[in-house]
Structures are given as C-alpha cells and as structure tokens.
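The next part holds the structures, each set out as structure tokens.
Here chain A shows up in two complexes: once beside chain B, once beside chain C.
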Partner chain A sequence: MDEIIKIVFDIVSFSCIMVLIVSGLAIIASLMGIFNFAHGEFVLLGAYTTWLFQESGLPVWAGMLAAPFIVGAFGFFLEVTIIRRFYKAAIVAMLATYAIGLIVREIVRPLIGGRFYKVSEPIPGLFEIGDMSFSIWRGVIIVLTIIIMTSCYLFLTKTNYGLKIRGAMENPALARTCGISTAKLYAFTFAFGAALAGLAGALMVPLYTLFADLGLRFLVMAFLSVMLGGVGTFEGPVLGSALIGAMVPGFQWLREIPYIVDFLSPIFSEVLVFLTAIIIVKIRPQGLIKRGRI
Partner chain B sequence: MRSNNSRKYLPIIEICLLVGLIVAPLFINEFMTVILTRMLILGLLAISFELCWGYSGIMTFGQGLFFGMAGYVVALFANKAGFVQIWGVIPIGLLVGAITSFVIAWLLLLGRKPPEIIFVALGTLTFSYAAERLVSGWYWVGGGNGLSIFDFLSFGSFEIEAGRLFYYIAGTILLISYLISRYLVKSQLGLVLAGTRQNEKRMAFLGYRVRTYKALVFTFAGAIAGLGGALYAHHEGFIGPNNMGIGISTMAVLYTLFGGAGSLIGPIIGVLAIETISFNLSDIDAFKSFWPVILGVILLVIVTFKPDGLIGFIVSQRERIGTFGKISKKNKNQDS
Partner chain C sequence: MKKDLKQIQPSRRSFLMGSSALAAAGWIAGTTGAFVLKPEWAHAAGPIKMGIATDITGAIAAGGNSCWQTAQLAVKQINDSGGIMGRPIELILEDTASDPGVAVGNVRRLIQKHKVDVVFGGITSAMREAIKNPIVKRGKTLYLYPQLYEGQECTPHLYCTGPTPFQQCSDLIPYLIKQGNKRFAMPSANYLWPQLLNKWTRRIIEENGGEVVLEEYFPLDQVEYSATVGKIKSEKVDHVFLTIIPPGLGPFGKQLYESGWQNEGGTISCVYYDENSPYYVEPYALEGTYSCLDFFHSVDDAFSKQLTADYNAMWKDTKFFFTAGAAATGMYRGIKLYEQGVIKTNGDLKREAVSEALDNISVAQGPGGPYKTVPGTGHCAMNMYIAQNKGGDWNIIQSAEMVPPEECA
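What follows is the complex of A and B.
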C-alpha cells in the first residue's frame, strides 16, 4: 500500500510537469493554429538556464525564477521576428519551428559538451505523512503547478485580457474588427506558452538530468500525452500524461521478472512506453476523453 | 490550355546532371569518388523524402528510421552470418525499408479517421526518436558505438571496394530508383497524389481512397530509403545510432527543401550542394561543432524566404507541377 501511494505521488508530480508543458503547447496551438516543434527546446532552455545559474554559483531557485522570464523573452523575440510570418501557413510554420528547435538544440549541445549534468534540488529533503516520507521538491512542483494552472484559468476567464484571448481564439477576424490587436495578443501568448515550457524545464531538471536531447524527449512525450488523452480538452492531456508517467515506472517493474530482464534494458522500457502509447492511439484514435468543451 | 512554347528546363537539368555524374569519376581522384558515392547513396534518402513530402504531402521525420533500420539489418547479416553478397543486400534493404514503413503507415496513416499532417509528422518523429534510443542502448547491435562491417560488398567471390566501381553501381541504382519514381509521379497515380496534396477531402469525395494511396507511396518511399541505408552501411563499412533517427531524418528534410521539393531532381541537387559544403567545411575545426547549427539556419532561411529551394531559381512553378499521364492524340490536337 505504501509503495503504491509513493508511486502515485511520483506519477502525479511527473504529470504536473507534463501539464505545464502541454498547456503551453496547447494554448499556442489553439490560438494561432501553429504546432510548435520548438517547444521541447524551450523546456531545454529553461533547464539550461537553471543549470547555468548553479554553475555560476548563484542559488538554484534564482535560476528557476529567472528561467520563465528568459525563455518567455526568447519566445517573444522569435514570434516577432519569425513565427509572425507563418500564421497563414500552418505547415510551413511547423517546419520553421522545427528549424528553430534544431538551431537551439545544436547550440546548447556543444555548450553542455554532450555530457549529462545534475542540478541539485533547491529544497532538498523529505517530508513525512504518517509513516511515509515524500520528496519535498516533488511536493513543491505539485503545489506550484496547481497554483499556476488555477491562476491561468482565472486569468483566461475573469480578466479583460483573457476575454480578448478567448475572443481571438474563437474568431480572429471578428476580434480584429472589434479593435483587438491580434498581433499583440499572439506575441504575448506565444511568449506566455514559451515561459510555461521554460518553467517546466526549470522545475523538472533536479528530478532528471540535463542533456541536449531532453527537449526532443519531452516534445515526444507531450505529443503522446495529448494523443492519448484526446485533443481539444483540458483533462485529456492531464490524464494522458498521468498514463505516460505511470507507464515509465510500470515497465521498469517488468524488468524484475526473470528472463525478461535480459531483453529489457532501461532504454527498452522507455521505447516500450512510446510503442504502447502509439498502439493505444491506433486502437482509440479519439483519445481517452472525447472532444467536449473549450 | 497548355501552351507549347513554354520553356522546359527540368529535362535539361536532369540530363546535364546525369552526364555530369557519369563523367565525374574520370576527372577526380579516388578519394573524391568515394565522397561522391556517398552523396549518391544519400540521394536515395532524399528521393524517398521527396516522394512523401513533395508529391503526396506526407510530412515525415521517419525516413532516417527506414534508412538506418535497413543499414542495421545488412550490417547484422554481415557481422553475424558473414553474408555480404550484393544480390542479397539490395533486396534485403528494399524489403526491410518496405516492411518497416508499411508498419508505420498502417499505424499512422491508415487509422479510422484521416490523420492530420501534424499527427503524422510527430508520429514519425516519435518512432525515429524511439529507434535511435533503442539502438544506442542495445549492446547486441553495438550500442552507442554502432556496427562495423569488415568484409567488402561482393558478387560471388569478387569484392566491390569503395571506389569507381562502387560509384557506378550506386549511380545505376540511384538512376533506376529515380526513373521509377519519375514514372510514378508523372503517371495517373501522380495526378491522384497531386490532387490529394491540394485538397484531400475533395479527392475523397471523388471516390479515391486517399489514405491507401498515401500508404502506398509511403511504403514505396520507405523501400527506397531502405535501399539507401543498405548501400550506405556497406559503403561506409559502418552504421551507428547517428545514421538512424532524428539526425538523418532531418538531413532528408533539409536536402529536399534546399534543392527544391516537388521536382524530384531538386533533392539530388540538394544532396550534392549540402554535402559539398559540409565536406569543404569539415576541415575547419571551428565550423565542425557548429555545422548542425548552420544546417538549422539554412533550413530556417529556406522555409522563410525561398520555399521552392535552389531549383526555384531556374524552374517555374508551372513546370514543377507539370503534366500527368500520356497526352492522347485527340487532346494534343485540341491543344494546338
């Protein structure tokens, strides 16, 4: 029982990271109709910023605080210079964002020298409930994600600006006729989505390691979460990422069965997660949760 | 109405390139011939992506997977069974490429609802990434070090070393693949594909099984990529995780877009151009680590400013889209 609660806790903290990444991806996709292939690299940049802070002797939490702003600013810069040209052609935009992702990834790769780095947790240690002890940092991630997602929801539904965003999402042409500058909205939203990814990267990096292909990995996982959960809902990706998060340790357990251990290296289980996810998508293409509201 | 006086550049480019490639080994040394052979083999990869993207509108980051998969299989045949006969290697490459791409086409393209371009792009990206991770962590296939092939590709007991002979063999294979692809895209099948690319829904309403056509082309393209991979593994004597997955898939995209998608000869020009630049820059250490960044910048610039690639400087949009099927005598008379 204790084991199960612990594993659920780990899965929830992983899902929280995925929620931050996926919601950034989704808000850009639903507002501008662009699927951002460079989103994984925004996560990487967030993680890299945090690591840079640690390397230069500054506190890690300062890096985490700075990461969303730096990545957000970078996203804003990209939107204004490049992404803006492609609103009329979603496919070309996809290629352009892929190229941006490639450039960022390959610039970061020599900078971290192809190695794997650890970043220490800003608040190390464990907290205890009853007999069980949990990692504080994972708890912080869960709490932060809930706070951020709630404030995002309130921002979108309660504020004036949120209304404009929702209006532009619904009907951009009509929004423009009403005197809303969609160009400004788009730039802001793109930066916001990038900032969420940057934050996710910064929060996540103590739990994982920093390496150049990290962005690619999270892009693939975000894609599978969305596909598993169902496109166009909020709960879908949450459930999908929980499932992916559950599968990663789930397949690790398989390795304890004799004979199978010969075939399953740690990497195998990750590959198996991808394959299983794709097969589930094949069987149930509409996702686990059907298209509903939003 | 088709005007007869519109100039045709594509056949001229094709013939010039063909003649150029045939006589090239007579003027360059052995070492350069080997480099040029590698370009020809990568040309197969480029054609395979071109068929998917340029002609049927399937954005795929999976061509590297078929390429690498076939390379690994022939390398395993060579290492574990000592089988290096060319009459076996070529069909194995074709078959592995075709089977792998068919499985992926079945998973991604032949679903219950028509797949979106983004879905296919990310799906193939996922497979490429997974495959790359798999082979780099699997020690039976060499792990991160890859597999080396020590024996030369041979026919009977005659060994084909990398050099002039290999160059002409690779060239012939490329030429045959090119001609078959050219025939395909100019035939009525090509017309269906062109229609699909423009308006998929309408083609479906006209009664075409659009997804089946797409899966067909995808599988054919996969076979060509597999052929390329098999030849590549034997030519380089090596196949590693870098030759399978995201990196090489990106190269396929880049070759095609740089040369000019939708013209079939464009990707070959793209391969020659990019690999020549890469070869010339590889001596300079400062450029070496930033070469992938430069490639990314090239891709971004091409996508932003010159979507029809190098070939767009010479060939008009109209000629690139081209004509389809045989023009019957009756139609021809009406035209003139």
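What follows is the complex of A and C.
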C-alpha cells in the first residue's frame, strides 16, 4: 500500500512539473498561434533568476516570486520588439523564437561558467507516510500546480480579460472594431506565457541542476505535449503534458513487472514515451481536446 | 478574414516543416581562431610549441577551462625557470567546444598551421576518439590525454596521464566491502566510460564477495529516476556505485535522498566527485560520499599544496578549480612529463624520440605525489587516494602509492 502511494506520488509530481512547464507554452501556442521555441530558455531564465537570488544571499523563495515578473517583463519586451513582426508568418516566427532561445542560452552559459549548480529547496526535508518518505518540495509543487492551473483556467474562461483574449484570437478584426487593442492583448498574453515559464523554471530547479541546457531538456517533451493535447485550447496541452509527465516515470515503473524488465531498459522506456505519444497523435490528430472554447 | 486566421494558426504540418527546418539549421556552429600565448623571452632555435585542444565553450567548458588555466600555470613555471633545455614554450589553444565534430577541424589547424610539437587535451572519450586521428595518425604528432577514463586506449604515441578504472577501483571497492557493504547498485549514464568502468567494478566486487543487484544505464539527461530509486530501496542495496553524470546526476541524487535510503544507512561512491562537486550536489546528498582520485586538495604533500596555492594565486577568484575530476591534474602531469621527456632526448623534439623517452620515465613531484610511465603501456602509475566527504571537504581515509594502471599490458 505504502509502495503504491509512493508510485502515485512520484508519477503525479513529475506530471505536475510537466504541466507547469507546458502551461506557458500552451497559452502562447493556443491563443496566439506562435510556437515559441524560446520557451525552454524562459524556463531557464526563471531557474537562473532563482539561482542568482541564492548566490546573492537572498532567500530562494524570493527568487521564485521574482522570477515570473522578471521573465514576464522579458517576454513583454520580446513581443514588442520582435515577435509581433511575425504574426503573419508562423514558421518565420518559430525560427525567430529559436534564434532568441539560442541567444539567451549562449548568454546564460558563460554567465554560469558552463557549470552545473544546485539550487536548494525553500522548504527542504522529507515527510513520511508509513515506511515511505516523500519530498516536501515535490508536495508543494503538486499543490501549487493545481492552484496555478485552476487560476489560469478561471482567468481565461471567467474573466472579462480572458474573454477579450479569446475574442481577439477568434476574430482579430472584429475585436479591433469593438475597440479592443489586439496588439496590447497579444503583448500581454505573450508576457503571461513567459511569466508562467519563468515560474515553472523557478519552482522546479531545486529538483534538478541549473545548467544552460535545462530548458532545452524539457522543450521537446513540452512540444510533444502540445501536439498530443491539441493546439487551440488551454486544457488540451495541459492534459497532454500531464499524460506525458505520467508516462515518463510510469514506464520506468513498468520495469517492476517480471518479463517486462527483460526488454524494457531505462533508455527504451524513454523512447517508448515518444512512441506512445506519436501513436496517440496519429489516432487523434485533432488532439485530446478539440479546438473549443478558448 | 478566414484567411487571416489561418495564417496565424499554424497547422501540425507547418509545425513539422518548421521543425525540420530547424534541424537543418542545427549545423550552424561558430568557428574560433586559435589563441597563441607567446613566451616572454626567446631562444635562437625558437620556442617549443605546445598545442592545447580543450573545451573552452559548450557543455563541459568548466573542465576545459580548468585544463587551460592549468596548462598556463605549468608552462609559466617551466618558462620562468629557463624553459626546457634553454628553449621557452609557446602555448597554442584551440577550442574543441565540447563538440567532436567542431574539434576535428580545429585540432587539424594545430598540426597544419601552427606545426605544434605536442598536443595535450580532450576530456570526454568521444573527444579523445575524435582528435586522436588528426593528431596521432594523420598528424604524426605526440598526444597526451589528461582525463580519468575507461581504459583500453593503447594507440602508440598517445599517453594517458589520468587514472584508469583499475587505479580508481582496485582499492576503493575492497575498502567499501570491508566496511560491510555487500549489495551494490550501479546506476549509470549510458556511454562508454560507465560501461567499461562498471565491467572492472563488477569484477572487483564479485572477487571480493560482494554482489551487484542492479546495473542500469540511463540517457545522460534523464530527469526521472523514481522507479530505480524504488528498486534500490526495495532490494536493500548497501552501496550505490554512481556513474551518472550531470545533468542527470542532480535529480538522481535528490530522488535517492528523498527516498530516505541514505538516512537508513545507504552509502554512495562516485569516482569523479572532487572539489567541484559541492557546487552541483546538495550537501545532504554529498555528506558521507566516497570518491577515489589521484589528487584531492586535502592530500598531505608539500608539492601538491604549493601547486594548488600557485594555481589559486595565478587565477584569483576563478570559478575553475585545480581538481582531478576536471582533468587539471592530468594536464599538469602531462606537461611535466613531456618536459622530462625532452630533457631525456637532449632537446630532440621528434615524435619518435620523445615518445621513446616517455615510455619509461619517472617524475619525482606532481599533483598527488610522484608518478611514472609504465613501459609499453602509455599509462602512468600514480598515487591514489580514497576520500570521504564531510561537510563539503574531502577527508583522505586511505592512500596507495604507485598504483599500476593495468592497461595495454
């Protein structure tokens, strides 16, 4: 029983990390139609901000609070200066974001000296259920993810601002006719997505190691989540990322089953995640959730 | 209007097309020119040219920069004391950029354009494989490789100055078993070094009455280890012999600690852990961990202590330390070995002559103590130290003198 709680906890906690990472990407991809290849670097910047706070002797939690604002502001700046010039050409926009990502990554790399750094959890330690011990910070991430996702969903579906964003996406010309500044909305939405990425990076970096390719590591899985979930909704990619996030540790746990362990090496189970996702995309090319309300 | 929307909304197909365009663009890589460090004084015969091929940029830049700074220190020491046989040394650096593909071209420049007499460098095995061909085979130049590695490199005119699996494990494993560890787990990164090192380790564990209950290989940047950690706990493993490297190391170390396994008495050893480790491993995960290397800052040897002090004086506030895991000790050892070789040939820099001299040579002082090449093997016998981490420092608990490399015999 304890063991099952542990397995579920591990699967849910990784799933939540993926959801956190993908949410920002999903908002930008679904609401603006931009596949943001710099998303991994937004995540990296969030992590880097947190590390900077730690290195300057400030509390890590303060860094985590600051990260979404700093990365959000950076995202706003990028949208105003670069991204908005490419809305008419999605592929060019994608390449532009890739270039931005590359630049950010290679600036951060020498800043951290190409090294690996640990960032400590603001709330370290373990809690125990039966014989099994659990990381408090992973627990905190699970709770925060649920809160953040719920608020994002409510914000997009229930508030006036969310309605405007959706309206501007659905029919930009009509939205402008109604007196909504789509340019402002897009800038805000992009900044919001970037802020979410920054927050994700800040929250998860204590579980990993800070290094320049941190964001890149998750980017491919994040894009796969978006494709799995379907572009055009907020829930779709979030659901997709939860699924991918569950498969990564889930397939590893499958190796506990006799016979399966013989052919399922850790490396193959990583590959299996992608294989499964591709098969699902093939079966449901419209995504898990069809383009709907958002 | 409809059209407008379509342009903004990328289809899956356009996404895929864009992705392949990116992949095609992936080959874009910077080219760097060589960096030449000329000696402050001259000799009629000109300087001896040493080429350094190491990773100044890219994923393992930290190790590469340590190597480069160490090379400058060693060469400064030699030049300040009159050079080798009266000739000063000129250093030529080529960045291998942590990318074997980039490295091949850059290293070739060392040979063809700069006509260096010897090349030092390479950290990963992939890099060594990539650059040994342009240097040793086509370039017909002597090559010294500084990093601890998996062994089995027996190319003529290639000398390895870092420790081999036998040197790192032959004393460490029996020590661990004597401490009461019987059941071993070997979680590893999936590449050559862990695979070959684990072969040695498994043999030594089994010879000494231990048992390997888990040997698993992961992608280098694996982020999730809960199942493996669960197994380590449920299989009642006593000791984890760790060869996962960063970035995969961070999440593994944390998940292992979070499982409570360490609090219940489980111990870890990792034979590349050095003075850099506290920067990327949490103190609680590092506490009590064992390592076995050719040098630690805590080695009680006057020359080694002075060397570390000189390095820190030359590179004030550096982020790149003089450590064994970063190949810095092997780099220093290599340059001083070459110096002795050229003295032995009486200043003859021809590859065959120096190589013959290097085949059997002792150096009285080095990082961690004296060392000597074992004839016919291209490897060095050196002192090895088993250390345990306490509060971030490495306390030496056992040392062995002149451990043979057991390679290429």
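By our rule, the second predicted complex is superposed on the first by the 220 of 294 C-alpha atoms of A that agree within 3 Å, B and C clash if a C-alpha of one lies under 4 Å from a C-alpha of the other, contacts with A are read in each partner's own complex, and residues count from 1 in each chain.
Going forward, a contact is a pair of C-beta atoms (placed from the backbone, for glycine too) under 8 Å apart; a residue touches a chain by one contact, two chains touch by 3 or more.
None of the values given here were measured: they were computed from a predicted structure.
J.: Going by the contact rule set out at the top, does A:K282 touch chain B (first), chain C (second), both, or neither?
T.: After superposing on A, A:K282 lies in contact with chain B but is clear of chain C.
J.: Is A:L95 touching the first partner chain B, the second partner chain C, both, or neither of them?
T.: both
J.: Would you check which partner chain A:I82 touches, where first means chain B only, second means chain C only, and both and neither mean what they say?
T.: first
J.: Name the contact category of A:L224: first (chain B only), second (chain C only), both, or neither.
T.: So A:L224 only meets chain B here.
J.: Among the partners chain B and chain C, which is in contact with a greater number of residues of chain A?
T.: Counting residues of chain A touched by each partner, the higher count goes to C.
J.: Output check: A:F274 vs chain B and chain C. Expected answer is one of first, second, both, neither. What do you get?
T.: Touch partner of A:F274: chain B, not chain C.
J.: Kindly classify A:I103 by the partners it touches after superposition: chain B alone (first), chain C alone (second), both, or neither?
T.: Once the two structures are laid over each other on A, A:I103 reaches chain B alone.
J.: Starting from the residues of chain A touching chain B, keep only those that also touch chain C in the other complex, and list them.
T.: 35, 90-91, 94-95, 98, 109-110, 217, 227, 265-267, 270, 285
J.: Okay, in this complex, where on chain C does chain A touch?
T.: 1, 4-5, 7-10, 12, 14-15, 17-18, 21-22, 25, 57-62, 65, 190, 216-219, 221-228, 230-231, 234, 246-247, 249-251, 254, 258-260, 263, 276, 279-282, 284, 319-320
J.: Help me check something: in the complex, which residues belonging to chain A touch chain C?
T.: 3, 6-7, 10-11, 14, 32-33, 35, 37, 87-91, 94-95, 98, 109-110, 113-118, 120, 124, 126, 128, 132-135, 138, 170-173, 207-209, 211-214, 217-218, 227, 231-232, 248-249, 252-253, 255-256, 265-267, 270, 285
J.: Taking the complex as given, what residues does chain B use to touch chain A?
T.: 59, 107, 111-113, 117-119, 121-123, 125-127, 129-131, 133-134, 136-138, 246, 250, 253, 257, 289-290, 292-293, 295-297, 299-300, 303-304, 307
J.: Please output the residues of chain A touching chain B within their complex, sorted ascending.
T.: 35, 82, 85, 90-92, 94-96, 98-100, 102-103, 106-107, 109-110, 216-217, 219-220, 223-224, 227, 265-268, 270-271, 274-275, 278-279, 282, 285-286
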